[in-house]
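In the two complexes that follow, chain A is the common piece, with chain B as its partner first and chain C second.
Let's turn to the complex of A and B:
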């Protein structure tokens, strides 16, 4: 297979994955036991103390079907959906926030999630892998063992527990950071940036520490294995300085699987850090998705899940396309 | 200077800085001048939607309490109707009770300085009746199905004709329960809009004493500021001492785990639905945090609704009254309450919340009847000793602050008698297998589906699991299924989805039972058993000819008359006869307050209103609290 064929295969697979993902996204919410129209009517019946006139309900049901674009057969709804999503990237109005379009909600939430998770994941990855590399390369030293223990201790702690412990320590016992997010509206300014950092630091710290352990352990195992490879031994015997051996020989090869993991994690950003956003009242995409499930808001679910599918698939495609740069074996196949 | 001294000084400076920082809220207002409520709905999807003619407006952010005005309001302390924008009660103009005239208060102004007059109400009604489909506030359907015609007599007088005899005019045109149907909008603002459906009403003109100062575009908080001219607002008369907090903030402080920590840190003043365990933990760390009552059951706050079990009475075997009674008698409410609520609840065997307002009218008069009530086989199911036994169990568990008078826990409940439950089941063909499980008359294992809220309502979730355990102990196989709130309401109102569900229903706050769920208990509103359409009324889906007749009769008489109340008591008896709803307890709505910055919140010994932040009671709270000086 030459490079062109390699790229075409990957791009082809990308579009097939997208098509399947978007199709499943359309049909899956329809298997949910809650119908958005009936859910809405149920809500207002509850608000109205079950006193709404039956005729008024019938009329309301009909007008909502028209307003929400839920008229017609499933097939015609599906075709319309594909047209809207693929051509206009339009997911329709949010059913719980009608008539505001889902895309507005996504655009509003995305920067928060992407900013928080993007920075956290990259930091977690860089620090974790660097420490893992050092711990694996200098595995006989005491501090390498200490770092490994830190990784082993952090890795299995469920995120929710870890986050609560950090909240207790840094927002309650020593109230250095807020318990919940409060960011005032207004244009970007130094004060606003300070406010964002102040409110985002603790959520980010929980995410960094949660991912840190896995990166340490993974990288340590890889670098430890690679440092015993023949080419490393040869370099060492040839008198190559240890730092060069570590970065140029061991790290380069050990990073390959970690890069894949990083790419997939970055794709996963668009799912939002659900628990983080719930715990810290952080205004991201994950919380929107969670609320959409609770409200039976199909359109919001379509939007958030589709964005997530596109992001993960795109991240996988990019890494597939970039892989030949990192791994010469693929270039020469 | 030594290095260690320098470090200590730096730390001290940091602490001083922090203590100063804590005197301001996160939204930049002085904490001592800002009353802070935990939001009812946590995050709203529509923080910038302030048009009350659309259902998606940010209704739970103080608009109903601080922003809008209503013609008549409910005094939640007494249950009485009190005029707000109206100048007194309406005058009834004909014997049929279909024509009314009412006057408006003079000197009430919108926050933008324009005077409120009859034109605003006429414009609002015109808009309601305009037939604009996209205006989907549910009150529009209610009012247009209620009002026949209306006219302005003068700037402060209006006449309204209703479609049917209306004995609930002040409730329907004012505030029947948590909120009004008639959301009065400012004519001078709304008439200038080309498309009301797209109008989001930014910077809304308000009739209430507060205006919006700032809000979170992400929907977590909203800040209100006292109007300079608040004394000419819709409910300025509620204030008696001239003090109103300068700011009111509705803010979400996160899930209970983190919210309770914020509460301990005095970050807000009034919580909403905190579980009893969290309240206890918070109280142990901050003695400014108080419950509604210092004695058990700490959280009986006279909520309008009650917890109970909805059943699909058309689906076998629940179509048999014997089976429904068997479920009631197989439910050990004492242990359910102890296990899931630490005994902090007020039981009620009658299908209503046993509140201070309703007790003397509906509960007290039926005590004798309950004691004498027998099932078809002569069995007396009522357990008058229930509350005393509950108090004894609680004493054994080491619970504190148990009142001497056990009636604090209610009037009693049904006996826990699995043996009698078994007899009832056997009487309709049920049998038991070798594992002690009940089998249907067909010989199949009886698996009862029981829907309960997921962790979006942790108190109900616990109660639900405990009920399922109780039934299992009596040999009933139960599938307790947790659902999200969207599915929960679908199960509640859709026959095809419902077998049994732990629910909060029977919601009526005053003695007017027709202002709530009972108004539609009619056979004509019953959907087919497997219908997937939302039930348009009769949420119990209960068919009882006598009740049909009673409800129809009640709709034609004065809702404050003894005859009306007597009909209500007859309906209650029929509920019990048919066991149409297994009522459990008043909602143990847990609203602790933190009195570090403000005091004077409604409490059992200072009962001027119910303590909720999302009812008219919030108006009374805002008007009655006082700063502590902290």
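Let's turn to the complex of A and C:
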């Protein structure tokens, strides 16, 4: 398979996944037995104390259906939805923040999620893999065993538990960090950057710890296996210093599968980031989703979900497209 | 069969959890979800092993019922996901061709589309009138893909082996080959996938419950934390209400993880390669 073929296949798969994801978010609410519009009208009616006349309700229903894009046949709704989402990035107005469009809220939240995720993935991947490499290369030392035990214990702990433990330890028992995120709006200054780091520290630590065990265990198994390969033995017998053997021989070959694994697991990490944001009231996509559920703001909900699917698919695509840079076998064929 | 250390520790933890959560409820005669059954905020004692919370519920019994419900949900949903994964994986790997390609596009989409946002939408849509059963069905929709992928690649590698052809030429039909020849080979992976699926299901339900988007009226490892946070257990110093489910969850997940990796290791050594 040459490079162009590799890229074409991967980009093709990207569009298939986007298509399926956006289709699912379109059809899911329409297949559900409950109707959010009737629910909303009922809510207004109970608030108004049944003083609304039937004609006004019909009009309200009409305009709400237009707002949600529920007019016309299912097929034409679907085509309209695809056009609006893909070409214009338009999810309609937010219902709780009417008439501000959903896309504006998303653009506000997106940098927070992207920043939090990007930084913690890089840290957790680099540190985890480095430790895994050391533990696999020196597998018969005592601290390699200790590191493996740490990895095994950390690996299955879910995101929400890590978040709760960190909140309990570093916001209650030993209040080093704030309980939930409060960042005043305003221009970027040194003081504001300090506030952002201070407020993002615990959520980021949650994500780093959650990915840590996974990276350590994966890398340890890989480098342990590669260490026994013939070319490594040959290098060692030839008198190549151990440090060079570890970084130039074992590490290079072990990092490749870990890059593929990262691309595959990015969806799971993203899920964890959403949950972490909600628990720390961190102003990203996850918190937007949760408040949208609380407010019955369905436009906002579908907007954030669609953006999540696009973001995760794009991130995985980027990692896979960067892969040839690291793998000479694909690059030179 | 020689059990390795991981498997021993894992199975011991799981056995304790299963026995405790299924047998102990016979000794208890008070509904742990009922508020005001006992005095509020009691310290741990012989009568209330973990004390009581601000709602007058016994934390120990609430936890036991939570573990039991989470286990029931995890195991029953995992039976469904394992069946789907096995059917999809074996048939795709063995039949191949356009069917395989179609199934793999579906599987890869389920894997790479982030499930949590979609679960949040579903939680919002069925909120209020959802049953525990619907939560289970929704989780099953997302739980089968990883297993199907593994089993498919196993089936694919076995398909070309000699004994498959022998079976075919001796007059076995496709179904017989899949079940008599391929299945025994992939069975260890199915067991591992089953245990991993239990972990996934309990974790996902708990994650949804913690933020209030599951059926929180039913005690599970997630909903117990939801209620604790809801009644500000940390602010009011009822640390045990949060720490107890946290410790139980960590131990249970460690048990499941050790069992699955330990079992995998045992079969790898029996096969002679990892």
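By definition in this document, the second predicted complex is superposed on the first by the 278 of 333 C-alpha atoms of A that agree within 3 Å, B and C clash if a C-alpha of one lies under 4 Å from a C-alpha of the other, contacts with A are read in each partner's own complex, and residues count from 1 in each chain.
Quick note on the criterion: contacts are C-beta pairs under 8 Å (C-beta built on N, C-alpha and C of every residue); 3 or more make two chains touch, one makes a residue touch a chain.
Since we're looking at a predicted model, the values are computed, not measured.
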item: Partner chain(s) touched by A:99 [first = chain B, second = chain C, both, neither]; value: first
item: Touched partner set for A:164, first chain B, second chain C, both or neither; value: both
item: Contacts of A:135 with chain B and chain C, given as first, second, both or neither; value: neither
item: Of chain B and chain C, the chain that contacts the larger number of chain A residues; value: B
item: First, second, both or neither for A:178, with chain B first and chain C second; value: first
item: Which of chain B and chain C A:312 touches, first, second, both or neither; value: second
item: Chain B versus chain C as contact partner of A:291, first or second or both or neither; value: first
item: Partner chain(s) touched by A:283 [first = chain B, second = chain C, both, neither]; value: first
item: Partner chain in contact with A:16 - chain B first, chain C second, else both or neither; value: second
item: Shared contact residues on chain A - chain B and chain C; value: 32, 34, 164, 167-168, 172, 278-279, 293, 296
item: Residues of chain A defined as touching chain B within the complex; value: 32-35, 38-61, 63-64, 66-67, 94, 96-100, 105, 108-109, 112, 164, 167-168, 171-172, 175, 178-185, 278-281, 283, 287, 291, 293-296
item: In the complex, chain B residues that touch chain A; value: 18, 26-28, 42-43, 45-46, 49, 54-56, 133-134, 136, 138-139, 141-142, 144-145, 176-179, 181, 197-198, 214-221, 251-255, 257-259, 261-262, 264-265, 267, 456, 483-487, 489-494, 497, 507-508, 515-517, 519-520, 525, 532-539
item: Residues on chain A engaged by chain C in the complex (per definition of touch); value: 13, 16-17, 20-21, 24-25, 28-29, 32, 34, 36, 152-153, 155-161, 164-165, 167-168, 172, 225, 264, 267-268, 270-271, 274-275, 278-279, 289-290, 292-293, 296, 298, 301-302, 304-305, 308-309, 312-313, 316
item: Chain A-touching residues of chain C, taken from the complex the two chains share; value: 6, 105, 108-109, 111-118, 120-127, 129, 199, 203, 206-207, 210-211, 213, 222, 225, 234, 239, 242-243, 246, 249-250, 253-254, 256-258, 261, 274
